[in-house]
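Both of the next two complexes hold chain A, though its partner changes from chain B to chain C.
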Partner chain A sequence: MATHREALTLVVNAPFSRSPYLARSIENGVRLAAGEVNANGIRIGSKTYELHVTTMDTALSPARAVANMRRAVGQHAVAVVDEGTGLDASWRIANEDGMPVGVVFEGGSQIVDPVTRPNVFRIAPTDHGIAFRLAEYLVPKGLKVALLHDDSDYGAAGEQALESAFSRNRSSVAIDETLAADALDLGPQVLRARRAHATGLLVWGRPATIAAVLTAARSSGWNVPVFTPPTGSDPFVRQQLADNPSWVDGLTFASGRLTAEVGTGPFLTFEQKYESSFGVDRVGVKSGGRPVIAPPESAMYAYDFVNLIAAALLKAGSPDPAKVTAALNEVTTEGANGDQRAFNHNNHEGIVDDDIYFAHFRDMIYVPVKDDALSATLPTLPQTR
Partner chain B sequence: MNRSALVVIAGLAVVASAHAAPPAHYASLPSPSAPLSPSPPLGGGATSGSEGFRHRVAAKTTVEVSVGRDGAPFALHATQRLDVRVLGDYFFTIGAPLLGVVAAPGSASTPGLRATSILWAGFNPGRRLLIARATLDPAAAGSFLPLRIETAPGRVTLINETGVTAGAYTADALVAPVVHYLAQLRQQVALKQTPTSGGAYVTSKPTAAGLRVAAPLRVTGTIGTHKIEAFLEDGSVTLQADGPVRLTVTPAVPERLLNGPTAGLSGRQLLERAERAALTLARVRQYQTYLGNPDPTGPSETTYLYRTAARPLPPPVAAIAAPKRDWATTLGVAAGLLLATAVALVVWARS
Partner chain C sequence: MTAYADAYREIRSSWRTRRTIAVAAFAVASFAPLVFGDARTADLADGLYLACAAVGLAFAVGVAGLPSLAQGAFVAVGAVTGAHLLAAGVPTPLAALAGGICGGLSGLIVGYAFARLPRAGFAAATWIVSWLVAFALQSITWFLGGSQGIVVSGGPTAAQHYELALVLTALAALGYVALAHAPIGLRLAAAREREPAALALGVPVFRLRAAAVAVSGTVAGVAGALAVQLAGVGDASQYGSYLSFRLFVVVLIGGTLSPLGAPAGMLVLGVLSLAADAVGRLENIAASRAHTLLTAVMLLGIVSLGWEGIVRPDRGSRRGVLGTGPVRMEAATLNVTALGKSFDSVAAADDVALSIEPGRITALVGPNGSGKTTVLRMLAGAIAPDRGRIDAPAGAVARTLQSTAVFPTLTPLEHILVASAGQRARSGLVRSLFATPKARAEDAAYVEHARRLLDRFAIPPDVPAGELPLSDQRALMLAAAYATGASVLLVDEPTAGASTAEAGRMTDLLRSLRAEGLALLVVEHNLGVVRRLADRIVVLDAGRVIADGTPDAVAADAAVRAAYLGHQAL
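Take a look at the complex of A and B:
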């Protein structure tokens, strides 16, 4: 006889209509973890619970993100897995019920603060960490860097992080420019950077901005090295430049490491489970004649957050969101990549800044660089099928 | 018979002796590194997230103990410095009953706070210093301090609190192997290596016995104007002194047991010496590891600083003015109201 199970709602709040690859990846990670948790259910006292996943589209609009959060609270969700848009306003709504929110993409430093926003947690590389690691990597190379950031929420947060990271090395900055996130042609801005004698471009923006900067630079014959935050690895960049694959070569991005000390094993196992459930995320380009796929990075963070929620439910011994939020400070799980995932009372960041690595593209797939201590220890993940 | 004694007896491995007479059997000696009680280290010690390799970690801890005029501890802070070697990711938990934790100057990272542990996570590029300053719950951590101080007018008593009864055994034993083991312990201690277990060849049936051992404490500093230099092997010492306490306490090597003369001692006496030395080293190791080291074989040192301090005053209680009423007043007011109501009704009825 089947045991009766009570449903706990998990909400995925992400830009499904505006950044479908990212949002779907987050949703899939949540669904994969929820499915695994539900195999046995979560037993608390005499009741068994299972996680039901509901999606809400922010369309990259803070107003819609806030409205979605109200709906999530109205549905008595146990937690929200959030891309990060509009969180500066929406966290308060969740906090009224003590509901935990797990941010799995945006890295702005103001988003997470264990004291003032006790219900907000993040499993994603922080902008602060990425910016400082980029500065640490680029300044010793003697490059004169053009800091280019778009005017999206993501780009604005990046601008702040870069400002802080390069504050002690302003002589390494050739020019600092804000780009329009929806601009199709960034030729004039890239030309200004070239005239400022930049020897490297650091582009912090949405994938479309990065693709536009690469197009502007390469089409003018300027083979300047380009560095980006994690959005540089978004399939959209390669899709946009599919007709000129060589333009992507050398593009270097910073991101959270996908593999742990134990090697590729845990991540590849996770990837296999992901692909079995949802299929491969094809980039739409080829490398060496074979189709390129995107490793499920954002899915991994969402997956890890759901597992932490499940651990916190057990620790709290209650589905009360406020108790789950408190328990999140006390639990540790093994992440999809074999790393330990944990929060604590002082720190609600699930990815430590130390774990940010660099990779560069070669023939449409990326490989960790060799001139950085952490990156040099990391293996290259298979990215063709 | 306590559990440790049973373990020791169970560990007596009977091996045919190569010597003809007297017939001797190999017997394991107590471990010089296994803890003799659950704490210290506090909170179950430290753990290292297993990712297939081990960091080498040297730990140095300073415990600041604030004591009142009566010598009782009321506040505890521990500063732990972990010198981490070996390239790769780390994830350490250091057990402790915590009220708070912050990074201390010089730390390459910031510690995480949990109710019962300090959390360290990150990537070590080859060498990394992790330094945490933790505020400990004195009610939970205070009972595992090595020294207790009692004061009375004109005198102060220092009490070694590390004593414990551990499982051991007595038997006649061949002299040479025990003397050799004592020399081995002495050398390992001198080289600051983790002492290793050893054995003896016993020539009579071992009998379980409990041995009381304590970590010797070196106590230096001042009490009032008196300079203090004491070596407390066990028990207590009473000093004619008065005034604020400023003492530094360090667990010390049991020199007398390791370096004392062995000539003329019987095999039985030497066996007891070796057991006592091993157990005492185990106890010293515990107090050298007040906060755990995530590398179980890494070196650990702890220094305890006892200081007289002013107890924090309890927060002032808001003064609430007592209502200046009593039953007589209340009844009077009620009667007055009833009377007024009655008069009002009469007036209304006639209007």
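Take a look at the complex of A and C:
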């Protein structure tokens, strides 16, 4: 006889219409974890619960993100998995019901604060961590870096993080420039960086900006090394430069590591499950004649957060969001890559800055660099199918 | 208390079924927060704030005839103001007030800058303003923050915002009614229908239009400031030029000539948006794109089908009581010396001298192209002379236009009220908006005076002027010019195309005005009428006065006969 199960709503608040790749990736991670949790259900007392996933589109608009959060509260959601847009305003609405919010993309330092925002958690690299790791990586190389950031919200946040990270090493900065996020030709700005005797470009912006900078530099014959935050690994960059694969070579990005000390096994298992449920995320370019795929990075963070929610539900012994939020500070799960995922009352960051690594592109796939202590220990993930 | 009793009686006498429906709808709507949850209530409140902004826009589009595509920009100005003040801890009412002031000032600037443009130009210019504001909000993060926006916490709950938005929308609708029926609304309507005719009646068209855009901007600013608090965050992406476009479509769907049109339009678009969401989901189209598509299709439909809106205008009657109506200016003489005007190398008027005296009819005649209309327009102040001097007390001169130029949808009564509005002491924006007792008393007196005037001119007072016979329309133009209170009337072609009986009626009217002591200058082609009517005739040829005297003297003038009359006999 089938057991009756009560539904617990889990909301995915992400920019489905404006950044569909990212949003779908987050949604897929949530659905994968929810499916696994629902296989047995969550038994609390005499009742069994299962997670129902609802998606809401923020369209990268804070106002819509806030309205979505209101709807999530109205639907008595147990938690929200959030890309991060508008969280400065929306967390209060969730907090009125004590509902936990898990941020899985935006890395702004103000977003997470266990004291003032007790219901906000994050499993994603922070802007602060990425910027400081980049500074730590680049300054010893003796590079004169051109700091280029676009005028998107993401670029503006990066500008702040980089300013802080390079504040003690201003001599390593050749020039600091803001680029138009929607500019098709960034030749003049890249030329200014070259004339400022830059020996490296650090581009903090949307994938389109990174592609435009690479195009401007490489088409003028400047093989300068280019460094970026995680957006450098976005498939869009490679798609834009598909006709000139060699222009992507030398692009190095910083991101949260996908594999743990235990090796590639757990992540590859997760990736396999992901692909069997949703198929592979094809980048749309080839490497060595084989199609390149994108490992499910954002999906992994979302997947881990849902597992933490499931653990917190069991720990709380109640679907009451406030109790789940409190329990999130006390549970630990094994993440998709084999790392331990946990929060506590003093720390709501799931990715520590030390987990940020660097990888560079060779023939459209990325390989961890060898001149950084952490990155050198990491294996290269298979990225062709 | 008498004023309140009068007001109550007036409301009772002018009450209509549609008003009962509107009040009932608002009453029912006020219970929505009891039915819906917080999130849905917040969505409804947001829609109501937009409806409120749309009512303001309807005043500019409907009453003033200005196709403004900047209303979203005014909402944005209010939102930016509100967001900064609310984030700084300023109380909600003050932030809303400041939002309204900033929105109003923005409207005033836009109004003054573009009110002289033709309608298409006004629409294009305001559309560009919308783009500029949206671009500024997106580019300069100080205005509304970056991806996190400007956080606005605290303030009323979603349900309280809903009730506030409902009350504001109702107040905006009442304000629309008050202003549309006040002299400012009538004068704007006159300018909307025939700008040259309104200018001829002394309507300060461009100043009033700027004021209309300012009023519209004020309402939008208040709505914007409150909506930003409801949203909890000031978000630049909410104020793109699409918002202006959407508000414009809402107003066109609902109807621009009724205050209930905008809320009705908002309701329809809201329901259709739900349908668009459903279709968007089926077709895998993002909601924002599905809405834009829907709105564009709606606009296309409205324009191509000539749709006048869901809610059509409700023409109420006006009640008059005896009181202090308009007072005619003292008799004055219009003296003209050495007047000259050239267009390129052609002299339209050259060294023209004439005197228009009280209690006399002076006829200005001459062949086509002799410069009569140019002289008339200079005397009326419509164009500036290159040379010469015109002496008359300020406001003493009014004119009628050459062709029949009534305001087709306005009643004769409203024509007279438009014309006499310049003499009113209590018809300002604020008095009109709040319908103060003194303003109401003055209004009633002017209405009574207008009815008596129309009775004297034998014109039915309450039918749209466009439906009157041509002879009544001519008489109405003369009555309107007379109603300005001017003591010198310039009458252009009063019997053009008229039958003998109609010409007789017009000459009788002109004689009665002469008997009243008015100074009249009549430009007329019908020489029979001129001879019967005029005390004095001035003949123009090639811009120069070639004869000036009594009808008999001019008729006998050989130069006139040769240069102008040819074989005709005067």
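In the analysis below, the second predicted complex is superposed on the first by the 385 of 385 C-alpha atoms of A that agree within 3 Å, B and C clash if a C-alpha of one lies under 4 Å from a C-alpha of the other, contacts with A are read in each partner's own complex, and residues count from 1 in each chain.
Everything below uses one rule, namely that contacts are C-beta pairs under 8 Å (C-beta built on N, C-alpha and C of every residue); 3 or more make two chains touch, one makes a residue touch a chain.
Quick caveat: nothing in here was measured; it's all calculated off a predicted structure.
Following the overlay on chain A, a side-by-side fit with no clash is recorded for the pair chain B and chain C. By the touch criterion stated above, A:Leu87 is placed in contact with chain C alone, chain B being left untouched. For chain A, the partner that touches more of its residues is C, with chain B and chain C as the two candidates.
Of the two partner chains, chain B is the only one touched by A:Thr377; chain C is not.
In the superposition on chain A, A:His345 makes contact with chain B only, while chain C stays out of contact range.
Of the two partner chains placed by the overlay, only chain C lies in contact with A:Tyr154; chain B stays clear of it.
In the superposition on chain A, A:Asn329 makes contact with chain B only, while chain C stays out of contact range. In the superposition on chain A, A:Ala59 makes contact with chain C only, not with chain B.
Once the two complexes are overlaid on the shared chain, A:Gly108 sits against chain C while remaining clear of chain B. For the pair chain B and chain C, the least inter-chain C-alpha distance in the overlaid model is 27 Å. Of all the residues in chain A, the ones that touch chain C in their complex are 16-17, 57, 59-64, 66-67, 70-71, 73-74, 84-90, 92-93, 106, 108, 110, 151, 153-154, 156-157. Residues of chain C that touch chain A in their complex: 37-40, 42-43, 46, 139, 141, 145-149, 151-153, 158, 231-233, 235, 237-238, 286-289. Chain contact summary for the complex, chain B toward chain A: residues 49, 51-53, 87-89, 91, 93, 101, 109-115, 119, 121-123, 125-126. Across the interface of their complex, chain B is touched by residues 260-263, 329-330, 332, 338-340, 342-347, 352-355, 373-374, 377 of chain A.
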